[in-house]
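Just below sit the structures, each encoded as C-alpha cells.
The following pair of complexes shares a single chain, subunit A, combined with subunit B in the former and subunit C in the latter.
So, the complex of A and B:
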C-alpha cells in the first residue's frame, strides 16, 4: 500500500507537465513566432516602389493620390478609412480609393480592375499598395470619421448588411461574428458588432495568409466571408463591402492596428 | 527578375542575428493547375550567406520549403557596420543577391 502512494505522488506532477497546452494558448503563441518573419514585408516593399513608379496609360505615379489626409499623405491614412471623399461624393475604403486614384491619375480602367480576380493583373498592385499603406499606420488607433451625414448613413447600411440573414443556411455576418467565444476549427472569431480589441478583426487586415502564401486585403477577406455564408460574391469595392468596413471600423474605434498582420 | 529580399542583421552579444525574407513562389512540382496539368517545380536550390565577403553558410533547399521563405541564423563575431550578403539560385537558374549592414 505504501509503495503505491509513492508512485502516485511521482506520477501526478509528471502527468500535469506532459499535458498538451490548450488551443487558445498555443494558437496566439504560434502567431507570435510567425510575426518575426512576416512576408507581408515583401509586399510592403513592392507597394512602396509602386507608389512612386510612373505607370498606366498616363504614365503617372500615385504620389498625388489623396487618401483623405491630403494628396500624397500616407501615414495615418489607413486608420481613418473608409471615409467620405468630396471629389467622388462617396464613402470609400482604401481599395475603392486606390481604384479612383489609379483611374484619375494613371488612366487605368477601374471597372476592369474591379472585375479582375484576386491575385492577378492590377489586383496584385493593389495588394502590395494596401500592404504598404496600412503598414504606414501600424500601431496607430482606428479613428474613422463619422462627421459627414453620408458616413453615418453608410454605417447604418453596414449594420443592416451585418445582420441580414440569407442564403441556403440562413447565415448572416452576425451568425459567426455577433457574439463572443465563437470559432471555426482553430480560428477564434472576433465579435465585430462591438470593439473586439487591439489588432483583431478589422484592425488586423490586410494580412499575409501563411497557408496560401497570399496577401489578403479587406476586400478579399470580405469576399471570402460572403463565400462562407454561401452568398453570391459581392462586387469588388462595392457599396455593401465599403459599408461593412465602416460598420466594423467604427465599432472597433480606438483599437490598435496591426495591419498588415500574419495569419494561419 | 526576382523581387528583392528583406534582410535584417542585428548585433546580439558576440554574434549577429540575421533574418532574411525571400520573395519566391517555391512551387513544389506536385500541384496541378485548374486544367489538371502539373505545375512545374520552381524553387530556390542554393542559398549562400557571406560576412564581409567570406562565405559563412551555404544551404541546399528543395520543394519542401514554404513560399516566401523566412531564414534566420547567427554569425559569430559579426560587428555593427559589417556587411552581410545573401544570394540564392533557383532551379531555373534565376538568381538574386542582396546586401545588408549589421546594426
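So, the complex of A and C:
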C-alpha cells in the first residue's frame, strides 16, 4: 500500500513534466518548485551561531557590531545597506562592514580575509553571516539611506561604473542589465538601472545556488559578473563593488527583499 | 520689494553653494570614478588591469545617454573604413563549424587560459536566436533565425547577394561601423575571432543549406 503511494507520487510530477512546454514557461515553474526547502537555511543557522560565538585573536563575539542601526541590531539592517558609517568615514556594504567588525572586535586581519578566495577560510564565515543577517530583513523593503553627502556621491560613482564600457568585449554592466525583459541563454536578466521589482536583482542576493551548492554573497555575484564582463578581477569589498551596490540598491528602493534567495 | 528680491536671490545662491559643497561637479565625479576603477581591480590570469583603458568608442558609449549624433557618425565612419575584408574575397566557410562556434560562450575571461582566437567561441547564442533547434538562446540581440532566407539570399555567389554578404561580414568584424554604441563585441577588430572562424559564422547565417535558413 505504502509502496503504491510512493510510486504514484513519483509518477505525478513525471507526468506533469512529460508535457512539453516552451522553456520560458518551464523555467519560472522550476524556480517556484525550488522555493520549498531553501538550503540557505543551513547557512542562516550557521551565521546566527557565528554572530554570538567568541572567535578570533581577541576571542570576542560580533554582538557589538554596528550594522547601521546600532550595536547588535541585525533586523532591518540588510535592507539599509550599503550606507555611510561615521567610525570608518566610508560607505560600506554588508561584507565590507563585516570585515571592519571582524578586525576591530575580533582581531582578524581584514586585508587577509579580503584576499582569501570565496568558499575558503573566513570567507566561509562571511557567507554564513551574510545569509543570517539578510534573512533577518526578509520581506522588508529596500530602504537605503541617501541623507549623507557621501552616500549620494558614491551613488554617482556607482552610476558611472555601471555604464563604463571596456575590455575585449566592450561590455559594461548596462550591456546586459540596461533594459527590461532580456535574457542570456535562458537566464533572465534584471534591469538594474531602475527598480526591477520585488525579490529580483539586488533584492535577491545573497542566494543559494543549486548548480554549485554554494551560498553566493553579493560580492561573489558581482565578482562573477565582472569575470563574464571580461574585466580584470575586482578586489573583495573594493570601492567599485560598494558603489555598484549603492547604485543598484537605491534604484530598487522599495523592492521587497527575498534574500537569501534560491537560484538555479 | 527690491530688498525681498535681493534676499531671495541670496538665499537661492546659498542653497546652490551648499549643494555644490556636498556634491562634486560632474567632471570631478568622472575623475573620481576613474580613480575608483583603477584602484579597485587587479590582474588575474589573462585579464589584466589595462583592460580598463578605454578606446574612443568605449569612452563615447559609457553613459546613460547616447553620444552626440556627430560623434556617433564619426565613430561609425572610422569603424567602417577600418574593416578588414576577407582575403581572396572568400566570405563563407562551413556552417557546421559555425554552429559549434555560435554555441561556445568561451573566451577572454580570467578563467580562460589563452587570448588566442582558437581559444574563443562566438558567444552567439548567449544573445541571439539562431537555429530553430536550439531553444536556449538569449534575447539581448535580435533573432537571426532565417537570417539569409529573409534577406533573399539563394546563392551567396550571386552579385545580388553581395551587399548583404558584405554587411554581415562588416557587422561581425566591427559592429560599431553600423551602430556606434552597439552592444555587440567587435569580433574581428578586437582580435576575438580570426578570418576562418568568421567565415564559418557567415556560413551559419547565409548558407542556404544551413539550419538557420530552413
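Here is the rule we go by: the second predicted complex is superposed on the first by the 245 of 264 C-alpha atoms of A that agree within 3 Å, B and C clash if a C-alpha of one lies under 4 Å from a C-alpha of the other, contacts with A are read in each partner's own complex, and residues count from 1 in each chain.
To be clear about the criterion, a contact is a pair of C-beta atoms (placed from the backbone, for glycine too) under 8 Å apart; a residue touches a chain by one contact, two chains touch by 3 or more.
Please read all numbers here as calculations on a predicted model, not as lab measurements.
Colleague: Under the superposition described at the top, does placing subunit B and subunit C together on subunit A give a clash or a fit?
Modeller: With subunit A as the common anchor, subunit B and subunit C both fit in the superposed model.
Colleague: Touching A:213, do we find subunit B (first), subunit C (second), both, or neither?
Modeller: First partner only, subunit B.
Colleague: Figure out whether A:45 sits in contact with subunit B (first) or subunit C (second), or with both, or with neither.
Modeller: In the superposition, A:45 touches subunit B alone.
Colleague: According to the stated criteria, A:147 is in contact with first (subunit B), second (subunit C), both, or neither; which is it?
Modeller: neither
Colleague: Quick check for you: in the superposed arrangement, does A:36 touch first (subunit B), second (subunit C), both or neither?
Modeller: first
Colleague: Mind working out whether A:57 is in touch with subunit B, subunit C, both or neither, as first, second, both or neither?
Modeller: neither
Colleague: Give the label of whichever partner, subunit B or subunit C, reaches more residues of subunit A.
Modeller: Touched residues of subunit A are more numerous for C.
Colleague: Which partner does A:161 reach: the first (subunit B), the second (subunit C), both, or neither?
Modeller: It touches subunit C, and subunit B stays clear.
Colleague: Just the number, please: smallest Cα separation between subunit B and subunit C in the overlaid arrangement, in Å.
Modeller: It comes out at 13 Å between the closest C-alpha atoms.
Colleague: Need the overlap of the two footprints on subunit A, from subunit B and from subunit C, as residue ranges.
Modeller: none
Colleague: Could you list, by residue number, the parts of subunit A that touch subunit C in their complex?
Modeller: 22-23, 149, 152-153, 156-157, 159-161, 163-172, 174-176, 181-187, 189, 193, 226-228, 230-235, 238-241, 243
Colleague: Name, in rising order, each residue of subunit B that touches subunit A in their complex.
Modeller: Residues 3-4, 6, 19, 21, 23, 26, 66-68, 70, 72.
Colleague: Taking the touch rule as given, give the residues of subunit C at its contact with subunit A in the complex, in rising order.
Modeller: 22-24, 29-30, 32-33, 36-37, 39-44, 47-49, 51-54, 57-58, 61-64, 108-111, 115, 125-127, 135-140, 183, 185-186, 190-192
Colleague: Over in the complex, which subunit A residues touch subunit B? Could you list them?
Modeller: Touch list, subunit A to subunit B: 36-39, 41-42, 45-46, 208, 210, 213.
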